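You will see chain A twice below: alongside chain B first, and alongside chain C after that.
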Partner chain A sequence: MTFYSNMLPVFIVTVVAGALYIASIFQRFKRPVIYGVGIGAVAGLVGPMIFMAPLDSCTFETGREPIDYWFGIVLFVLGAALLLGAARWVARFWLSGRAIASLVEDQTTMGVYKASPLIPVLLLLPTIIILTFFLYYPLIDTFRLSTLLVKLGAPRTVFRCVTNFTDFFEPGGFDYTALALVLGLVIAFLAYQPLKEAGGSELRAVFIYVSAIVIAFMLLNRIIEPDYREVLFNTFFIASAIVILGLIFGLAIAYLAYQPVRGAFIYRTLLIWPYAISPAIAGIIFFVMFDPVSGVINHIIELLGGEGLDWIRDPWMARAAIIITSVWKTLGYNILFYIAGLQTVPGDLLEAAEIDGANAWQRFRNIIVPALSPITFFLIVTNLTYAFFNIFGTIDFLTKGGPAGATSVSIYEIVELGIRHKDLGRAAAQSIVLFLMVIGVTVFQFRTSGRRVTYGA
Partner chain B sequence: MKKLVFLFLIVLMVIPAGISLAQDKTEVRVWIAFSDYRLDWTKERAAEFNELYPDYEVIIEGFESYNIAFTETALAAEQGNPPAVTHFFEAATQEALDAVGPNGEPLFKSVAEAIGDRTEINGVPVVLDDVVSAAADYYTANGEFYSMPWNTSSTIMFSNMNILEAAGVEAIPETWGELEAACEKIMALEDGPDNCMTWPNHSWWLEQTLAQQGADLSNNGNGREGRSTEVFMNSPEAIAYAQWWKDMNDKGYYIYTGVVRDWGGTQNAFESQQVAFLQFSSSDATLIPANVQDVFPAVVSRMPYNEAAGYHGNIIGGATLWLNNGLNEETETGALMFLNWFSNPKNAAEWHQLTGYIPITNTAYNNLVEAGWFEEVPGAAVANMQLDLIPTTGALIGNFVAIRDTFTDAMEEILINGMDVEAALNEANEKANELLEEYNLLYAPE
Partner chain C sequence: MSTITTSNRKTARPAYARRRESLLPKRWYVHILLWITIFIVGFPLLYAIVVSTQSNAETLSFQATFGSHTRANLETVIVDRNLLRFMWNSTLLAIFVTIGKTILSLLAGLAFVYFRFPGKWLVFGFILITLLMPTEMLIIALFRLVSELEWGNTFWAISVPFLASATGSFLFRQHFANLPSELSEAAQIDGANPLQFLIRVLIPISWNTIGALAVIQFVYMWNQYLWPSLIIKDERIQVVQVGLGALRNAEGSLTYGPMMMGAVIATIPPVVVFILLQRQFMRGFAISRDK
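Let's look at the complex of A and B:
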């Protein structure tokens, strides 16, 4: 790893901060602070190399753009933070003298192999080999590719440092609104926990979360390059619409189909049908139907005396078309799980509620919906995965990301860049961003709604 | 029971022997970027070839797009097992010329060079010299005829004669001005279509119009005298075209289907009589009139041009068959035999009659003339005729697939978001030149 002189101040900051941080933990456990200082300083020194060594400190090179420099600082600090986090974890476990098992904080008992500790490893080996070749190796290679200008079939590659990532940013310059937004964001996050502990209503917590998201969104709006901003917006807008509408309609239809009516079996089977159709075929079917010039939907609207709509020609109508197609496509899956879930709703509870005078809506709202929460939680995760990744086929055959980029979501951009344009470097950088976003959303999911899931009656 | 097991074991032993017998034939793997009836036709021809030349086994494999066939070829070459022939499209000619395999050698080999001065290969007459000049010129780079032309087309226009007649349009429009005048009459019809014309938002139209107006798309003579290092996507001719397109759109004459490279939607619009004119690829010159023959007469004509700039010729589109480098001698011979047999006069004529792609050799064309085919289906001759008017060659540009997309994106900004034509093309030009610069960083000899 090359060392540039302008890295020195940052190193000093991470080393001192690391030393102070770990020392404070040692102090809390009343152990010799000097050890804490030593461990923290080493972690602060080595941590930044997690990112800087593979990049060969290129962001600190003279001649790089300022944005590259600042991006490098963020990576630098992030590396230090990662190692310090790990050091903190180990230190707390070591200092508190607890067993390793207690770190894995849950009550479930772990299974134990009595024969030999090698057996579980052997049993896992086939899986690990497959994962290594088909998951971990491509994952690591994606990180390598994301630093290059690289095309399949080209005689050489060019190292681009972090340009593939910093291309996503286009700072609008410093201004006080941005600063206010950052402060608002920090305050919102800091206020969340105390408010909740002080007995603040759930609603208030939700309000704070939502405002934090809005503020973060507005802030990102200021620094992200306009084209990529639209991609991000499309990704989140289309994904949330698919999940929310898909679950609402899925539950509503499942609830209707669950009623004891004649031939329910046939209705249920027919309702699940769209699930068996591939996203690409769904795209083709709806392309023919939504065609603004010669499509059947506009033809019917005109027959009924209305004015044909600008399906897929208008940016918002195109987004709507993608959402309608995807909701239709996932509906069968959601209905399937909700019908299964409805069968597990305890009948005695419903009966008791009915005797107590709860009307149909109250029974639905207060008994059925909570009883279905594990299913809903599972469906949110699977629907999000669909909306983030599997939606490619639908978009490719319905709108090709248009008009004017209105339906270009992250996965569509990645395939366009990587396969059509063979621009593997940029595609790799975008897939890393998508990867981080999906991880972020999933963690957020587990931390918010995951807590409210009840598995017992 | 034991006997059965024994028999089964014997069968098991015989099967590999049979396979190894089959392997005595020379395998020639041909990767085709079609997945529809065109792939079926190719497979039928391969079966015929295999029967005629039993020493060779041509194996056709279909792919869903040119890009995927190419990517798969590059990956297969990296693993040391490339196919003998890959089907690749005209816009990526520069990329195919520049592509290298894992050993740093070019991925493809010039077909002309591989054939040398042979006039027949194992009894198969060489047809490369007979290829029509528009295709031969396009695929000749650095003085070398590189790949074997196959599906070759040009842009043409279909007219709904019922609507034209009702509107009193006497002659099929040949220029932008005539087209606009015809549209004015058609739009004035009381029970006429909502819009007058459509065509896909595809960069091929920009390339065609630049050729028609006599302008280059890139420097060094469209990349023909040396490597293209600069793209002119905002040239006055390009702006004139985009501006005319926008004007037609704003007047409601042109209807945009809302999707880039939309062949299906534009074809549906014409066939369902929502528009009177459709500019399209000649690949469907026989198919579309046949589809609508019971409803209205559809007549094929040349792509209209800008009368203010004069007419300087149209270019081809389509794809060629590339010979992979580093094949063993037997496989290469088999591949060359197949390539020449595949475009022999009989096959070339049949391919044209089936699809509408131009007859690729002069002999095939003359045979069709003699057989009276063009009198029977006059529209089929338009593309050949258009390409013969004034010979031109299109641009050779690296990273052209991505560069083309900057134009279609700009056109969407203009048509959908009402962006200013010049601003949109300037922005596209900037992106296009960045893409070309990146390409040349990776591919151009140092």
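Let's look at the complex of A and C:
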């Protein structure tokens, strides 16, 4: 890794910040602070190299665009933050005297086979080999490709540093307005937690939270390059609509199907079968149904006295068509899991509420919905995965990303760019952004719902 | 907290279930609402079935009854467009991956629950993190990898990457961990080796979990579209989801009948598997909460 002199100030900041941060943890556990300082300083020194070593510090070269330089600093700090986060996690476990292995320790101390450790390794080997080859290796390769100018089928590649990423930004977008917006966002974020903890001002906390999101969107709008901005907008708009509508309809129908009536099993089967339909076939069927001239949906609208809608050429109607198709396709899955969830709602609680005079809506709102929140959390993650990735088949058959890119979501754009336009490097960069969004949404979900998905024991 | 736990027991009905009728006053009301919902949810498929029997003229005049072109549409789809070939390829793919993944997941579950070995938590984390890495996201690098392996246009390219999964491994880990430990103690006293224990004891009592995983995997593989559409160029080994694309322009212009006929036929296998294994699916995936 090359060292440029303009990296020195950033290194000093990460080393000092790291030393102070880990030292504060050691102090809290009343251990020798000097060890914390040492560990933190090393983490602050090594962390930035996570990104800088593979890039050979190219963002700090002289003659780079300012945007490359700033992007490099973000990566630099991010690397330090990642390693410090890991160091904090390990330090806490270590200082509190617990083994990390206890996280996944299972209770089956009885009935364990006393055999050489070779046997479990052999049992796990096929799984590990396939995951390494077809998930981990491509993941690393995606990161590598994202720094290259590489065309499909062409043997030569050119190192592009972070240009594939900085291309997402509008040149000149980083002016004082953008900086002011960033500042506003940071302040709003910092103010949120104390306000919420102070209590009583729940409404004000919500207000600040919402304005932070609005500022974040304004910021993105200001600094993201227009074509990519539309892709991001489509991805989030279509995904949130699918999740919200899908869960509302799924819960409503599941609640209906959960009523104890004769033949409930048959009703449930007739409601959840769309689970087995493929996104591509859903796309074909709705392609025929949504046809503005010969489609049955416009025919029905006209029979009811309305005017036929242009589901193909109007950008908003095309987005609506994708959303309706996807909600229909995911409905079976949502109903299935909500019915399963409804069976775990404590019956005595409902009876008690009924005796206390709560009406059906109050019982639904105050007992059933909170009791279902673990399932809702699970369904949000699975529906988002659907809306981010599996939606490809529906879009490819229904709108092909049109009209004029109005339904081109991230995954569709990645395939267009990478395979059809053969630009692997830029497509890989977009894949990484999508990867970060998936991780971001999942982490956000974990934190806000305050729950963890555990797989065991 | 949401977990998917497996259980062989029937989900116990809460006491409240017996007198839930009070929530909606009259039962006939529920029946009617349910039938309306079923009709709305089923409408796209019903419409597809009706159109699949019609000629273009009948479809364009919004004829609501079965048409006269069933035979012609079937012929277009099966004779001209080779749908059965695609169906056969998809069947092979779905069955191969379903069986392969079930075996690998059973082995992984066995290793996690019935063995101690150094670095177990590391392997666990290694598999767990892949939950965050959908294949679709890695499609660009995967495409390059498969091209370099010279696997393009082969059955292996569309099947092998899907043989292992975190979901399957953890499903069986969870299921085995909930079984009484006397099972393996007894098996060890009888001198059964781990594989005999798996085949003779664990598998026979795990059919619900196996069935649940099988439904998910079969449907998942049958519905694969993006990956095969990129990697398979040879019509003879193409899967049905991609093969249907050719029906869009079956006779030079849009023909609705064959398109819907293809869609309906291609939907039959996953729906049949789903309905046949539905009870296992429901029981194997009893959703429970734990803190």
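Assume the second predicted complex is superposed on the first by the 331 of 457 C-alpha atoms of A that agree within 3 Å, B and C clash if a C-alpha of one lies under 4 Å from a C-alpha of the other, contacts with A are read in each partner's own complex, and residues count from 1 in each chain.
Keep this in mind: a contact is a pair of C-beta atoms (placed from the backbone, for glycine too) under 8 Å apart; a residue touches a chain by one contact, two chains touch by 3 or more.
Treat the numbers as computed from the prediction; the structure is a model and nothing was measured.
Look at A:L135: by the touch rule set out above, it reaches chain C but stays clear of chain B. In the superposition on chain A, contact is made by A:V438 with chain C only, not with chain B. Between chain B and chain C, more residues of chain A are touched by C.
Judged by the touch definition given at the top, the superposed model places A:I419 against both chain B and chain C. Legend: residue contacts after superposition of the two complexes on their common chain; A:V158 is shown touching chain B, with no touch to chain C.
Using the contact criterion defined above for the overlaid structures, shared-chain residue A:S294 touches chain B and also reaches chain C. Touch criterion met: A:A404 reaches chain B, while chain C stays clear of it. In the superposition on chain A, chain A positions 288, 294, 419 are in contact with chain B in one complex as well as with chain C in the other. Those residues of chain B whose C-beta lies close enough to touch chain A in the complex are 67-68, 70-71, 74-75, 95, 98-100, 104, 107, 195, 198, 255-262, 264-265, 268-269, 271-272, 274-275, 399, 401-402, 405, 409, 412-413, 415-417, 435, 438-439, 441-443. Those residues of chain C lying in contact with chain A across their complex are 1-3, 11, 13-18, 20-24, 27, 30-31, 33-34, 37-38, 41-42, 44-45, 47-48, 51, 59-60, 62, 104-105, 107-108, 110-118, 120-121, 123-128, 130, 132-145, 160-161, 163-164, 169-170, 173-174, 177, 181-185, 188, 194, 219, 222-223, 225-226, 229-230, 241-242, 244-245, 248, 256, 259-260, 262-263, 266-267, 270-271, 273-275, 278, 282, 285-290. Within the complex formed with chain C, the residues of chain A that make contact are 100-101, 103-108, 110-113, 115, 117, 119-121, 123-124, 126-128, 130-131, 133-139, 141-142, 145, 253, 256-261, 267, 269-271, 273-282, 284-286, 288-289, 294, 296, 299, 328, 331-332, 336-337, 340-341, 343-348, 350-351, 354, 360, 363, 374-375, 377-378, 385, 388-390, 392-393, 396-397, 411, 414-415, 418-419, 424, 427-428, 431, 434-435, 438-439, 442, 451-457.
Those residues of chain A that touch chain B in the shared complex are 149-158, 287-288, 291-294, 310-315, 318, 398-405, 416, 419-423.
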